[in-house]
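Next come two complexes, and both contain subunit A; in the first it sits with subunit B, in the second with subunit C.
Showing the complex of A and B:
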């Protein structure tokens, strides 16, 4: 029973965890990254994730096309993003409070509309079998990849480039860093922030579609269990860099696989601790990336969360 | 703030007036029915911890509540997704005060202590039935617990699993290490070992009743370790059963029939049939009899049932399983008897000791038997 933990097998399990669990974190954190760069924080992405999961599942079930479901999830995410963006543009409205309200609204309305979707079986997203060369079923399964993961990773690289090199990216950063300067240069700050929140909602919705249409698959009210919130925290220790967001998301996927993988190998003591690995990881990384009396490096100046004034 | 106070006191006043009116007649009406008399129907409240169509535990309870609706003189009110916190106390109070419930079914394990016990004390004329708790003398007389000996069906699951398995490694995805879950894991192993003593059961505890991503991860990592039959004890087995089917291995269902989710690999399943205890308890209340505080039953009493065999079950396995099931139906089959070791080598049931189905010692089980790979 205690013949030790097979390291190779454990690494494979972590790799499998990356392939299966990290995608929702990836999309939500990229979406949040865009929104926060523009100077607003949207805590409601947990609700957007759940709403995207529900609407993606529903559309896939109705039309039989999972990719249409992904699109629908994105569009419904945009809708929630638009509500958040518009509300926050009203005078004296705090974006964090609106975000919490949107989180409750998003999950609530998903549970309400999603009632009849728990039982039916919708068409699932396909996966690429990159491990078909191997005879080991564990390798084959760990290397089953859904197209959304490489898409998200590519998007992370593109976003980093966009924030550094393109006009729109630079303007967005300016809006997020110093609204007065952006206004002086003639940019429409509010409009750009709404756009950034809508774009963020789109990506978070797609993250939700991954949950309901690929892994674990199916619509259920306990589907997300806080992943959207974790992804928001992830953006902060990724210091608003899309590529670092992606790396953090992959790390989270691996950490999530750690608990079950160790238990299945017979290391069964202290499983509560291993199951808590992603959360412990968040705390450690948050602590490490923060120093007293100092603003986070790279934080957008207009962000209410880390306001310098 | 002021307004809230006003409406609360108004409600209290209304309640007082209603009580005064009802008080005059109430002496002649037995407990439990008194509250419902106003509506001339027995109002039955059912409270679930999750969604009531979850392919799992909550669905099994909701199916029974739906069956109650067909009884004459019964009105059912339901609330889903009630957490195991003070929230359930408020739900129960609301069912009694607002809907006039004369009987409440609190169906989740964590509702019992302290919430059900507390509310039962508050409303002595309402019957509170809890699913799975252990009612003991000294607790409120209008509270009680009902449960089914589903470990009989899980034992049969274990037998079917042992016949189907090639690797002799079986997997069990469990939520929390509470007595009922441990009893099922142990029964699954004992059933499997009754067919093939080489079988082992690897357990993964996810830590909570409904964590789909973690359940999927647990299932996948068990399959990665060579497990070729999976079963589970979580609120909704949907994810586990679907993952098993996707990975091309066998599975045994739990709570309700999940054969539609795994048409190829579904062997059989352990299902609740809560309609039986619900009906007994409601008829009992309507007849004005005192609350049944401790209600249990297994296959024989119709509290549980097995899913029909799937296509992968061999004729030999079916025959063996049906023979054991017949002995269970006759009431002369014992699952837990000595000598029995736990998986750390300690004797948990000494040789010669028999713990039959109704033995209450089994309801505080805190060990995993020899052959189970896992830790409480």
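Showing the complex of A and C:
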């Protein structure tokens, strides 16, 4: 009996964690998915995430509108995406190296510009209280949904459709699969890749706004704990399918909530270990999805990360 | 913004097959004069062949016509009207389509998606049901079919080439340019594809301009030929008036100095009788291996190659030959089995290759045996850049001597006739045939014990093919053990001492080449051995 209650409240805590933690994973991985589908990797999304968090918070504070903050976060993400896209289009420039540079640049510039934002209180994103019927605070907490989560889930479904049945979607996949083929058909490979990187930056920026304007909320330098990088692994694990990206993001969200959930269950020792769950999960999934001597099913042929040759 | 043709330019053109006239087209790549005032005349609804040695400039000429390159000088008249073709899109608007020498299909996508993407008027939102219906009714009119929902990665090389051609026909092209379309097809597949295109020209629906090295195809299908030689026009002729000897001499320049060889002379090795006594250089026992997707590709394979012997591996592509070669060259791990070279276990490490004198000419050498952005000299030194002749310095040689490296590559270039003879050129600027020669020079530039060769004359002109065959025979006479994997049965019958047939990853037939019956081999290749 006691065990049943404990398990129930653990699951509720995990659900609450999914609601709070998975959204940044979701947006960053969808953004990375668009970029990787076009044949480029943007490792800089960690920086974009932090930069989006900072600018979203700043604009929300200045204007009083958290949604304007979200928009600003997206636009600033586009800016970083544009820089990445343009740099990678120069001859002999490697997208992974540029990504690492952009990651450092994004976080660095955010800390620099964001110094005065540590004190003030900006307007936060509102959320729906779907659990208000219940008297159990845990249930109420678990059913507090931020609008960005359903928005992201809907976007994932939409993206999957778009990759299959819109011209732009097909062309992006073609560019990522075989650049020479795209060129032979008269498409501008470089231009399309920049476009995909900018779009990816937009979504990652929005993921950042969620961090500063909803959960954990506020602006400080420890806001992101590597979600931007893990999202890259997540896209590979999801085999470049937006809907699977969404499912994987929820899974990562649950893993991220495991440590705090156990702690709230009264576990006093060793929960640090569970705090590492998302990272361990990343390692396990990456090991499972790679096999030497095999190409990954569904991997874009032009991707420098998964190319064998 | 990039000066595209106005849409009405295409609508001004009359319908039906296009005629083309190229007037004094020139194109340079840096210092190389790839095309020097080349003119070409192709009549509407004709089947025209473009011939020439490797590096003659054939691909460059048609790429200018297809808008892939921009010529430095000269102009094109289409249906008698001068047209400025600046991009592939411009070419498409004029009704010009091209099948490139290398595949341009997206292998991660389906056949249907590839065909849809070829459409220039693709709407932004696709009605998949309607697109599929249109594709199905288009397929029904073709003499060869492909499964629309198949992933291109799962197609054989022949099917991919058919897809390339279908992509163009789906666009209702009025001129179709084909750059060596049959190099990946079996003769039967080639006849199927070319026969259909020929029929379309007879129905006055299409003009065909095809680059080929195979005289058989020229005599069977062409109405006229144009021959290029070292970037210049070497001659033209109509068929059937022009004979193959005449074409060959136009290609090679001086017929007296370079006798036409249609195939390599078959020299029975004098030591054929003593073969059983010769050393067993390569022994493969119970070899298993998987392909890129983890599916078993090589199954329980046994093979012995002795010194002074050339063994041929025949088979339709995709039956495990590629994986076998990759395992032998260390590009892929075997999942089970044993490989012995000179009686010692062999795992294809650099050290073992050097110790046993194992060399190779894999297929697609630019991808499999070269670093495409490095120079010819650097690529030629990949085997021995860290060894004494190329290194310099105190005693053992700590430094790489670029001077010695370049000097050595110069002599190899001269010996093997690589053109252009410039060791400092990036290797991906060479024509396909010359890349092959450069790699062969590297591999045969020293004594060889075991040579592993895959499809060595794909896409080579007949003189270059004969030269490479001669090199292989010389290596065998010198005592090398040679494993020759080829999809060209004639090549195997002409060169090898023994033949094995691979089908579904197994050796299903083995025979001494002298007793080989092509019909029986064809039967085994097609899988009829069960």
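Going forward, the second predicted complex is superposed on the first by the 301 of 309 C-alpha atoms of A that agree within 3 Å, B and C clash if a C-alpha of one lies under 4 Å from a C-alpha of the other, contacts with A are read in each partner's own complex, and residues count from 1 in each chain.
The rule is short, and it goes like this: a contact is a pair of C-beta atoms (placed from the backbone, for glycine too) under 8 Å apart; a residue touches a chain by one contact, two chains touch by 3 or more.
Worth saying up front: this structure is predicted, and the values here are computed from it rather than measured.
With the C-alpha superposition on subunit A as described, subunit C and subunit B fit side by side in the combined arrangement. Within the superposed three-chain model, A:217 lies in touch with subunit B and out of touch with subunit C [touch as defined at top]. A simple residue count on subunit A separates subunit B from subunit C, and the partner touching more is B. In the superposed model, A:177 makes contact with subunit C only, not with subunit B.
When both complexes are overlaid on chain A, the residue A:65 reaches neither subunit B nor subunit C. Judged by the touch definition given at the top, the superposed model places A:20 against subunit B, while subunit C stays out of reach.
Superposition on the shared chain A places subunit B and subunit C such that, viewed from the Cα centre of subunit A, they span 130 degrees in steps of 10. Shared-chain residue A:127: touches no atom of subunit B or subunit C.
Of all Cα pairs spanning subunit B and subunit C in the superposition, the closest are 21 Å apart. Those residues of subunit C that touch subunit A in the shared complex are 67-68, 87-89, 92, 98, 100, 102-109, 113, 116-118, 120, 122-126, 128, 290, 292-294, 332-333, 367.
Put simply, subunit B touches subunit A in their complex at residues 50-51, 53-55, 81, 171, 202-207, 210-218, 220-225, 227, 235-236, 238-239, 242-243, 247, 261, 343, 373-375. Residues of subunit A that touch subunit C in their complex: 164-168, 170-171, 173-174, 176-178, 180-181, 183-186, 291-295, 297-301, 308-309.
Subunit A contributes residues 1, 9, 12-13, 16-17, 20-21, 111, 115, 118-119, 121, 137-138, 141-142, 211, 215-218, 220-223, 225, 227, 256-257, 259-261, 263-266, 268-269, 271-272, 275 to its touches with subunit B in the complex.
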